[in-house]
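Next come two complexes built around chain A: one with chain B, the other with chain C.
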Partner chain A sequence: MDKGYIEYICSLAKLEYDEENSDRIIEKIKAFDVYAEKLADIDTNDIKPLVNVNETINVMREDAVMPSLERNIILENAPEKLYGCIKVSKIIE
Partner chain B sequence: MRYETVIGLEVHVELSTKSKAFCSCKNEFGSEVNTNCCPVCLGYPGALPVLNKKVVEYAVKAGLALNCDISLYSKTDRKNYFYPDLPKAYQISQDDMPICKNGFIEIEVDEEIKKIGITRIHIEEDAGKLLHGAGDEDYSLVDFNRAGVPLIEIVSEPDIRSPEEARLYLEKLKSILEYLEISDCKMQEGSLRCDANISLRPIDEEKFGVKSEIKNMNSMKSLERALEFEVKRQTEILLQGEEVAPETRRWDDAKSITIAMRAKDKTYDYRNFPEADLVPIVLEPEWIKEIKTNLPELPDFKRNRFVKQYGIPKYDASVLTLSKDLSVFFERCAKDYKNPKAVSNWVMGEVLRILKEREQEISNIKFPPEYLRELIDLIDEGLLNSSAAKLVFEEMFDTGKEPKTLLDKLGLKQISDEDAIGELVNEVLANNQESVEAYKNGKSNALKYLVGQAMKISKGKANPKMINSMLLERLED
Partner chain C sequence: MNLYDLTLHEVHEKILEKEISAKDLLDSVFDRIDKVEDKVNSFITITKEKAHEAANKIDKKIAQGETIGSLMGIPMAVKDNICTKDVKTTCGSKMLENFIPPYNAEAYERLENAGAIMIGKTNMDELGMGSSTENSYYKVTRNPWNLDMVSGGSSGGSAAAVAAGEAFYALGTDTGGSIRQPASFCGIVGMKPSYGAVSRYGAVAYASSLEQVGVLTKDVYDCAIILNYLYGHDPKDSTSLNIVHDNFIEGLKKDIKGLKIGIPKEYYGTGIDDEVKNSIKTALKAFESLGAHIEETGLAYSEYSLPVYYIIALSEASSNFARLDGIRYGYNANDYKDLDDMYTKSRSQGLGEEVKNRILLGTHSLIDKNYKTHYDKAIRVRRLIKEDFDKSFQKYDLLVIPAYPTAAFEIGGKIKDEAAMYMGDLCTVPVNVAGVPAMTVPCGYNSKGLPIGMQLVGKHMGEATILRAAYAYENNASYTKLKPKL
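On to the complex of A and B.
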């Protein structure tokens, strides 16, 4: 975990961050790590896997079409748009 | 060293429900971009997915038709990855508890039945569509209409041993899904997509070799060709004493080669975890039983029935039942008809030929199947000879008009009038003395020539059988 990694995560999550605070941020994120590692020490051998916290099952809907959003509303949320589409950096594998 | 090919297929099938998998947006191919989207399929914060019951029903249908065990308890998971066509940055899928497991498909290889195992079938959602310009623009465009469209992924066991078997497996799978009417299975439009894992191992070796994953095969033919190419490529590498690199490769149809896309040396961690916004799927055995009872007749069953009911060869029945629409077409034609083999010949011959030539689907054919039956009746009644019938057929295909109307319009009505045939025969005999002599001297081929001459004079309209017998009569006199 270093400054470069934090920068990378922020760029992926489109978050701005203040370089002056980077040490503090690193420390905080490291604390998550420490906490998560604690979980590995717990003995879970006799515990059934939990699929869902509540006991509800089978919440389903009928196969019926309802109106979608207007396209201009969708595009209002896009930083860049073109030809009715959301414009993103070129991705070709 | 000789090698054995090992192939497993992963097939994604878009389900033809009215609405999407987890929201009520329209599930439709070809809509105007970004018009079938809502907060759920766009992944807006706080939006909650609700599973479409039809998706579960269709997945169970597929599972039953593919001989799977249906899970009475299954759940959905989040499969996490980062890509612009995936607005939530995770795909709702099923990881460790898929809805169907342990099935199989039977294919026929060299007249023997072979079982190909199906590991699992799971429900998931499709991603949006990225549009890349043909030029050197530095951007891509995203259309989210496809985001959230329901899919089932059908994963086979590595039981396939040749590119041909892979094609047969996929053809059979497509056929079964079409019969179930749960997908339109159009490879060109991407509603049926296939990825292949392929590796080679020395014969008698149990351990699998290093595999490549092949993508972007848009037809049955390209699947087979891509795998043939890959067998050759991997064999050459192994024979040189080198190792096949674990990688994902893309089939380039125009160049007929596979091209490396990315290395597969580390398995990508999708950090699957239960989708907490959706609850477990618990199925009642009674409901599954009801679906099973209502399954339609499937291709293998129909093929055997055609052989029994219509007395046509097994090969014909296989061709006719591979496509549901074709089987229905045949059956409407052949029903209560005295000679189903004649119908089968026409459907497998002229009908398939013209569809291929005009690049059309049987479902879009302009004339009803009963018209083909009428056409064959006209031949039986001696009103049309077979070459003229083909002309009428083409016209019928293009215009959708009744054969009787076309017969008159094209002036192709067969001449079966005895007097008219008699005159024709007289004319031919008078003008071809040499051939007549040749026949009398034992050259039986001369008869064929004389029949040909009569047909020529009549512009193909004379009844060849009548000419033949009348000529024989006169020559033997």
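On to the complex of A and C.
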């Protein structure tokens, strides 16, 4: 694990990479990995993953019209808006 | 006796008898807030004007002869990660400093519809990440029992507000102990319901598969009252279960003769303070004298709960908090060159260190090369932990464990003893991993006069048994109950 790796996960998490801080993050991740390695003691090959304790999947309901929020109310929290829309930077070069 | 010192059910009786009005109650609570809030720092936002408007409406309804429900006209507080329509919901973060939700969280809405009067939003560790409320962007909440001590966290503001008489009860959230530990530190009752029992709609998600909205109250009876309102299916939360529950208040009156209580030995090892052990030992004697059978047991996978918890919680956090992108709401960095730069700067400037560290650890656990050994491994071991609890509840009605290894620790002090720190996590997080309900009940004080709590853990959807046992204990506890001197 090196500083390049920290830069990589920072870019994935959309967080600024701070070189001065990177040694501290490396130490944190190493300690976390030692913790995670403890789980290797257990053979889980035949154990199914448990994502949600109630194991609810694909909860369906009747298709029905429900109240929703008005555009102007949603826009109140948007930091930047234009022409009744949320403004974002150009994403297509 | 001041009104603010009474419990929810006691003031309800007074409203019912027309001895007092909603306005009288509100005045008493705001007088109390004026006197103690500067010392305790329970609140991020106080909604005095809104509360008075609501109290006026309630008083008019009562005057017109409307049936008076248990919550009508009674002031309460809401943790600041639970959305409240038109009232700022910051999650203790700079990122959401100006966020005003356009809707209510379902849990709060149910109480509001029943006539509850919200007086403010309580302080918390940023986005729920912390266990002392020192990690709030806004302020540090102090423990009403000793202002040099932490109130616990992350629902520390909610716990302190209730203990200090600033609110009759408060909503909190519990991802890995965030209701139960502050309740213990502040000497009150705190309930983390079964996963799926209470809607999470509108509660700002940190680790969705672990957390629940719950309540912090002055006593067990009050907790039963609130749970009657909170429980039940919400179509807006697909993880909320459609299960009919009994009336929790009626269930309180049954005795606990023959109740089987297991004492899992793993939770009483090195690191648990002797004063905590002794208080729980005395409480267990009270249970025995009421006819319960106490037996030592074990939960073999306990030690694996911690890595499982951290991997799952931080992985889910890294995914959940991707929504904090500074576009639709929240902090937005002004100076950026493109979209990626805007995301990165907004998140880096808006989020605190602890949150950023945890997001990075979660991202690390989810990337392709680590997925098998971290996240995938953790969710498989999670099944074994849950089965461990399930097996235990085939034999026992309840498990009793410490709410925390110690009483409240000093502000800025952190726990120095590694064993105590480890036990602190062990006492609280396995319950969330297994999705079972657990309640903190006060069970005494240490030599410094700080409260000690124990946890009653029940099987999934077994809240009625927890409440019945806790109520029986509360009415037969041998220690003298005190109030914090502020």
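Just so it is clear, the second predicted complex is superposed on the first by the 47 of 93 C-alpha atoms of A that agree within 3 Å, B and C clash if a C-alpha of one lies under 4 Å from a C-alpha of the other, contacts with A are read in each partner's own complex, and residues count from 1 in each chain.
Throughout what follows, a contact is a pair of C-beta atoms (placed from the backbone, for glycine too) under 8 Å apart; a residue touches a chain by one contact, two chains touch by 3 or more.
What you see is a predicted model; the values in this text were computed from it and never measured.
Asker: Which of the two partners, first being chain B and second being chain C, lies in contact with A:S68: first, second, both, or neither?
Answerer: A:S68 contacts chain B only, not chain C.
Asker: More residues of chain A are touched by which chain, chain B or chain C?
Answerer: After superposition, C is the partner touching more of chain A.
Asker: Looking at the overlay, what does A:V88 touch: chain B (first), chain C (second), both, or neither?
Answerer: both
Asker: Thinking of the overlay built on chain A, is A:V59 touched by chain B (first), by chain C (second), by both, or by neither?
Answerer: both
Asker: Across the two complexes, what residues of chain A are contacted by chain B and by chain C?
Answerer: Of chain A, residues 12, 50-54, 56, 59, 61, 69, 74, 77, 80, 86, 88-91 contact chain B in one complex and chain C in the other.
Asker: Flag every residue of chain B that touches chain A in the complex, lowest number first.
Answerer: Where chain B meets chain A, its residues are 17-19, 24-26, 32-39, 42, 44, 50-56, 75, 82-84, 97, 130-132, 137-144, 250, 261-262, 274, 276, 278-282.
Asker: For a test of understanding, state which residues of chain A touch chain C in their complex under the given definition.
Answerer: 6, 9-10, 12-16, 25, 28-29, 32, 35-42, 44, 47-54, 56, 59, 61, 69, 73-74, 76-80, 86, 88-91
Asker: Using the touch definition up top, name the residues of chain A that touch chain B in the complex.
Answerer: The touching residues are 12, 50-54, 56-66, 68-69, 71, 74-75, 77, 80, 82-93.
Asker: If we count contacts the way the header does, which residues on chain C are in touch with chain A in the complex?
Answerer: 98-100, 102-103, 195-196, 209, 235, 238-239, 241, 303-304, 306-308, 310-311, 318, 322, 325-332, 336, 338-340, 342-345, 347-348, 351, 356-357, 359-361, 363-365, 367, 373-374, 376-384, 386, 434-435, 460
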